[in-house]
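Below are two complexes that have chain A in common, paired first with chain B and then with chain C.
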Partner chain A sequence: MSATIFKHEFLMRLKSVIIWSISISALMFLFFSIYPGFAADTADLNQLMENFPPELRAAFGLNTMDLSSVVGYFGFLFIFVQVCLAVQASNYGFGLVSIEENELTADFLLTKPVSRAQVITSKFLAALTSLTVTNAVLWGITFLSIEMFREGRTYDAATVVLVLSSVILFQLFYFCVGLVVSLLVKRVRSVTPYSLGLAFGTYVLSAFSGIFEDVKLELITPFKHFDPAYMIQNGSYDTSLVLLNVAITLISLAVSYWLYTRRDIPAVS
Partner chain B sequence: MNIFFREIKANLKSLIIWSAVMILLIMIAVAKFSAFAGNPEMLNVLDAMPQGLIDAMNLRAFNLTTINGFYGIMFIYFGLMGGIAAAMWGSDSITKEERDKTVEFSLVLPVSRSRVITAKALAALVNCIAFVLITWGVSNVAVQSYAPDQAFYDFLNLEMAAMLILEVLFLAIGLLLGCSMKRYKVAGTTAVAIILVTYFMSIYAGMSENLDFLKYFTPFKYFDAGAMYRTGQLEGIYLVITAGIVVVCVAAAYWAYNKRDLYI
Partner chain C sequence: MSIIEVSNLTKFYGKSRGIVDVSFGVEEGEIFGFIGPNGAGKSTTIRLLLSLIHPTSGSARVFGKDVTTDGPVIRRDIGYLPSEVFYYEGMKVIDLLKYSASFYGHDCTQRMKELSDIMELEMNRRISDLSYGNKKKVGIVQGLLHSPKVLFLDEPTSGLDPLMQRKFFDLVRAENKRGVTVFFSSHILGEVQRLCTRVGIIREGKIVETSDIRTLQQNNYKKVRVSGEGLKKDEFDFPGVSNIQTDNGTSSFFFKGDINMVLKKLGTVKVTDVTIEEPTLEEIFMHYYE
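Moving on to the complex of A and B:
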């Protein structure tokens, strides 16, 4: 761990972290601002829904979400927050070490008297700190929005905490998978297509999984590993899926270390 | 012409990857649809639903047990994927020259900057058309086992037309970003921001009647699959808005690129 690299990496990403934090806060705040009107409408709607068979409700993802309750509404919009978090985390993951090669600064960095393991550790910790800052802002704005717009409706704070606690694992998944993919390919020319592909690809897969049951897409998309509907309904994580998620994250991280310490770095010619 | 062919070749890999993802998506979706197809219980349930509920859930006229209704739902994902791909192609084809430090080389060739953009934009447009054609072709093959009727083919053609228009719109926006942003990294970031913001806005706009005016600001709302299904055509006002945005973006892109300082 090198303090210099850590500081440089953190400051370099600071602007991006601030923009992402503001965007996610705005998203949360705007969606919650129409909650009071929405809750009144959906209370009737939910009564109607009760009369329909469970298959139908499952088809529209309504079986588990009571959109008129604070927690149910939070779970519904949390999916959109997850999309943002996924794009941000994969951006950082894909760019973590590939950016040095693109900007032709890799040979400069690697001739410093620090080992490659130290380089990647410092970079990893700096990115982790950046993600945690966003995460902390998310916690703050969530409770602020809920308090501002719940209009006296009660909610179960423990469930909200449970859902928010999953964020760090969710971020790490995209970060580590992005990192390992960026090391597996020969060269990442541009980070954006990769991170958009990963984030939206997994999002679309999970959306399909919601419309039609029974295909085993749950296994490969973190949106299902940390499905807010499941967490809210059961008040706990789906342990096996979360373990799978953590396993993929750890393997990706370990492989990244292994690959990076052995990587051929193209120098400026 | 040389630039055009060079670009087509350079974009080919990206097109293949996007098409593979699209084919996978359609195959998974159709496999899932088989559980729904012709299930009469679902049909009764949907028929019995009150109009207000159908509107609120944005189900509109969709009957999910038929292939037509099912493809109505699919359109959201076609539009989203097409939009992302086109915005990336648009901005990337311009910015990659600066990123890969080849911009001095390409701009000292004896062609004007305008012609460079024209060639690149046309190559990206060919990619967009190819992407739509692949989606169309795979869809046609994938649904054969459900014996689709003529109405399905009409609806599919309409959806594909809407997808292409959406792609052209995002392509124009991407092109403008690539040409006008000072640093290549900013262009990509801004493209992501525009896609995320407009996508969330399209969901946000559907949630409350007071927010209905937002539908003019998000391309994902311009071509509503439900409306297309009911009326059998694209809405004129949105075609005009789209054409306006495309013309303005492309014109601004040429203007900006012709007087741009290169980032080297």
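Moving on to the complex of A and C:
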């Protein structure tokens, strides 16, 4: 671990972290600001929901969540937050070493007296810190929004904490998978198509699995590993899916280390 | 013991050749020229020595340490100037240099200031606002600020105007006087001849010759072109002349040996134009190694 690289990496990403944190906060706050309306007209809401086809309701998890309760509404919102978090974490993962190689600054960094392992560890920890900043902001804005808009309705704070605690693992999954893919493909020319593909791909898989009740798809998408509907209904994680998630993350990270320390840094061409 | 020892170093990128079975040594305190045409494997060799890429087979040692296992220790005393420089575009020059210096664990502020004064580098500009030549200056300062013991220069003069090139060469010579070993890769024979004491020539991934610069110069061909009225076809057909071509009153040929022979001969004919120049490296490769 090199403090120098850590600081540099963190500062390079700071602007992006601020923008993501503000966007996610705005999403959470604005969505919650219309919650009192939903909660007041429960009957109308249920009527509205019945007009949607059941497949669509399943895709958004609306068949299992009660939008009129604070926690239910939060769970519904949380899926959109997860999509944002997935894109952000994938961005950082895919870009961790590939941006440096594309912009050809890798030569500069890797001719300094640091080992490859030190470089990737410092980069990893810096990115993890960045993701944690967004995570912390999300915790803050969630409880702030709930307190501002619940209008005296009671809610189970432990469930909200449970759901929010899943964020770090959720982020790490996208980060590590993005990183290992970026090292497996020959060259990542642009990060965005990859990260949008990974984030929305896994989201769509999760949504489809709700419609067809296809069990296999649940295994590979974090949107199922950390399905807010499941967590809220059961008040706990789906342990086997969470273990699977952590296993994929750890394997991706280990393979990334292995590949990066052996990697040939492409020259200017 | 040589400060850089390369033995049987081979690198393939998949199936395409990088370098094949390259062996040579660089002695402490010398300026070693590494010349060859584009794509011959110069950059590949340097990137292997810096452990930016890993050898397919063979090994290389710098300061007696293996480059694949002791990279970080070796790089503490190495300066590198790539042929094309790229830095974090959003950073200011001063911040980049400080970032670079922060890796070395000793204070480089003094040297950084000296070097940027010599190279007339403006420290407060953003990297993205710099011209190519100015980025190159950042590269030079960045490569030298930690007072390295070995300098790797990979075609360093591209993008520098002649004035800056001269300052840069003076700088390299001064570093060398202080005992710094220089590994100088180039495809321009002239600058290698001006600066280096010994050269290695690489072609198609293989070392074809390592020799003293003097020996190389003595063996060197000159390219001569003579225009004149009534120039006979066999006018310059004497020992040392090769590849003679006569066309429309102009003769061009390569000459190896005592250049006075050519000058004497030129005195006996009426010429309208004469050029005697260094052959390009490609021409040397074509005729020198036939």
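FYI, the second predicted complex is superposed on the first by the 245 of 269 C-alpha atoms of A that agree within 3 Å, B and C clash if a C-alpha of one lies under 4 Å from a C-alpha of the other, contacts with A are read in each partner's own complex, and residues count from 1 in each chain.
Please note the rule applied: contacts are C-beta pairs under 8 Å (C-beta built on N, C-alpha and C of every residue); 3 or more make two chains touch, one makes a residue touch a chain.
Quick caveat: nothing in here was measured; it's all calculated off a predicted structure.
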Based on the superposed arrangement, let me know which partner A:Val191 touches: chain B (first), chain C (second), both, or neither?
first
Quick one: is A:Ala158 in contact with chain B, with chain C, with both, or with neither? Answer first, second, both or neither.
neither
Examine A:Val87 and indicate which partner it touches, taking first as chain B and second as chain C; both and neither are also allowed.
first
According to the stated criteria, A:Gly37 is in contact with first (chain B), second (chain C), both, or neither; which is it?
first
For A:Ala254, is the partner it touches chain B (first), chain C (second), both, or none of the two (neither)?
neither
On the A-aligned overlay, A:Ala207 touches which partner chain: chain B = first, chain C = second, or both, or neither?
first
Dual-contact residues of chain A, meaning touching chain B and chain C, are none
With touch defined as at the start, can you tell me which chain C residues reach chain A in the complex?
13, 43, 47, 50-54, 71-73, 75-76, 78, 80, 82-84, 86-90, 99-100, 102-104, 142
Touching residues (chain side chain A, partner chain B) in the complex:
16, 23, 27, 30-31, 34, 37-38, 41-42, 45, 48-49, 52-53, 55-56, 59-60, 62, 80, 83-84, 87, 102, 189-193, 196-197, 200-201, 204-205, 207-208, 211-215, 217
Spell out the part of chain A that touches chain C in their complex, as residue ranges.
2, 4, 8, 12, 103-108, 110-115, 118, 262, 264-265, 267-268
In the complex, chain B touches chain A at residues 14, 17, 21, 25, 28-29, 31-33, 35-36, 41-42, 45-46, 49-50, 52-53, 56-57, 59, 64, 73, 77, 80-81, 84, 88, 92, 95-96, 99-100, 188-189, 191-193, 195-196, 200, 203-204, 207-208, 210-211
